[in-house]
């Protein structure tokens, strides 16, 4: 009896230490970035071009670049991912092939991002001859996000109670009507959450855009989807490791990191809010 | 049988290799309540779901034999399954309202049928709710979420939803098994009203319920139809010993 | 809430009223046949009994069916089980009317011992008791049913006085009076039995309404 209690107490203590350590690490990193970055943040920093070899000025092109790339990523990953998920979950029969496909999708989400980057170079930049540009980078990130989107969407579809489907079918709805009116409305919040989390991860990636369109230093905004662009994560990488005057630009690097984190955080917040909102709407 | 709405003959149903319904032959009369009883796993639910082809969704399932509805085989080649299900409505064991308003739940079947006329829909929703003996309780709550209704009301809402598309047959899969005695009584009374307009087939593990509501009773066991007769005969002088043993609680 | 079951109970009640009406009619006719020495009427009563027997069987079946299908409880259960008993009582009453009618044939070609006096009185008591018992059942009136129980003493008294008179004043004095006295003795007995059945019905009615058994509890007075 006593031994049991001791074991339990020890177990809980261990778990508490784990949680504290994880949170502590996070807090330290965040505090470091916020305290060192907040000083550089100003309206000017957010809305002007970098100047004097990126030692002065703002990071506007990087913000715009990351935003554009993320939009492209979303446009590719959301419809394609949801479509795949709907097909796999609702239409595909349970055969060896579909099981293989499903397993491959799960595995793809574990592939290192640099591999996607190289794949993007070959497919979009070279084979499709799009060149290094916003579009190529966005589509590369889109491909990388796809496994996440599909898996999250499939989970969301699975979570819609069977009774909703049966209820609709029993009322003479066709399969597609059932999915459209009585499955998707209840799955979309879950699908969106997974997808946005995938997108926010993509927004922070450097490797896939490195060879597909991100530029080292471009003190102007991309003119079209076929232009090269600056991106926050790459800019941060440059400022912290590649710049000729690293110690001088350190505050700018911290500012960039803060902006990037804030953006990712904002996207996650949107996911949470969207999920909450849609939950409420679907109840009406 | 005269006035048979459904003639099932030599019907077999398989899940993969296991044969869950064995040579079922039964005639179900129009405007009567036919109860199906039997121990769990006897195939009664599978049989019920065969009548509107709800089993089709189950992978690896297979049907043999014929189920004639008004003289036409519902397992025929060119049968429109969605159309069949509009004719053969179904109410499930667990009430399954959609997460929509009371009104939209009932209107669902009409909307997916492409009906847009607002007044037509309003009128039909009201009539269906009246027929399901729910109107007086929800007429001021039509915009409320269906989940806010009580369990018994939710089940009657599901009945109203099925009635809205004017089926000819109503299949009920243990419609009161999750309800308290008062709500159960309401459903049973409702069934007596509904049989004037619809042919009702009800599966229940509660034999007393079958005795109370059904005009005819079929006793299923191990996928076979053991006995089928007028309810009062089944419950007072069944002809098979197996039936007698089951209804007197000697097994199962 | 009106249950569909209530309709079926109502139908059962109607059937019981029908058999009650037939039984009452049988008494009325048999007594009429006796009074008027109407053999045709007596024959009619005997023939009509088949209808009552058939109705009794169908009511019995209906009760069993209701019990099997509705698993009645409390008042419903008391009503149906009592209905079965009342049904049997009424059928017995009709049988007694047949018995009286048969006595008419035995008496037919013989002159009366004396003018009928107490037998018409007992007849009236019997008819009144049956009437009241049925009324009590229809109106679910336990007070009226209690009245029936009280009347039973009068019936017993009347029968005793008829018996005394027939045995002491006629049969004891003149053995040859027996063939004419015995049928009258039996009729008195039949009528008194009818009163007993009416009493039983009244007791069943009280059981339905008050859920109380009054049977075999009354003081013999």
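In order of appearance the chains are A, B and C, and numbering begins at 1 in each one.
Keep this in mind: a residue touches a chain if its C-beta (ideal position, glycine included) is under 8 Å from a C-beta of that chain, and two chains touch if they have at least 3 such contacts.
Because the structure is predicted, anything quoted here is derived from the model rather than measured.
J.: Would you mind checking which pair of chains has the most C-beta pairs in contact?
T.: A-B
J.: Indicate, using Cα centroids, the chain positioned nearest the centre of all protein chains shown.
T.: That would be chain B.
J.: Of the other chains, whose C-alpha centre is the longest way from the centre of subunit C?
T.: A
J.: With chain centres defined as C-alpha means, what is the inter-centre distance between subunit B and subunit C in Å?
T.: 49
J.: Between subunit A and subunit C, what's the gap in Å when you average each chain's C-alpha atoms?
T.: Here the centre of subunit C sits 93 Å away from the centre of subunit A.
J.: Can you tell me which positions in subunit A touch subunit B when the two form their complex?
T.: Per the stated touch rule, the residues are 93-94, 161, 163-174, 177, 181-182, 186, 282-284.
J.: Can you name the residues of subunit B that touch subunit C in the complex?
T.: Contact set of subunit B toward subunit C: 185-186, 189, 192, 208, 211-212, 231-232, 235-236.
J.: For the complex, which residues does subunit B have touching subunit A?
T.: The touching residues are 52, 54, 57, 59, 82-86, 89-90, 92, 94, 96-101, 108-109, 111-113, 145, 147, 158, 161-162, 165.
J.: Over in the complex, which subunit C residues touch subunit B? Could you list them?
T.: 1, 3-5, 64-65, 68-71
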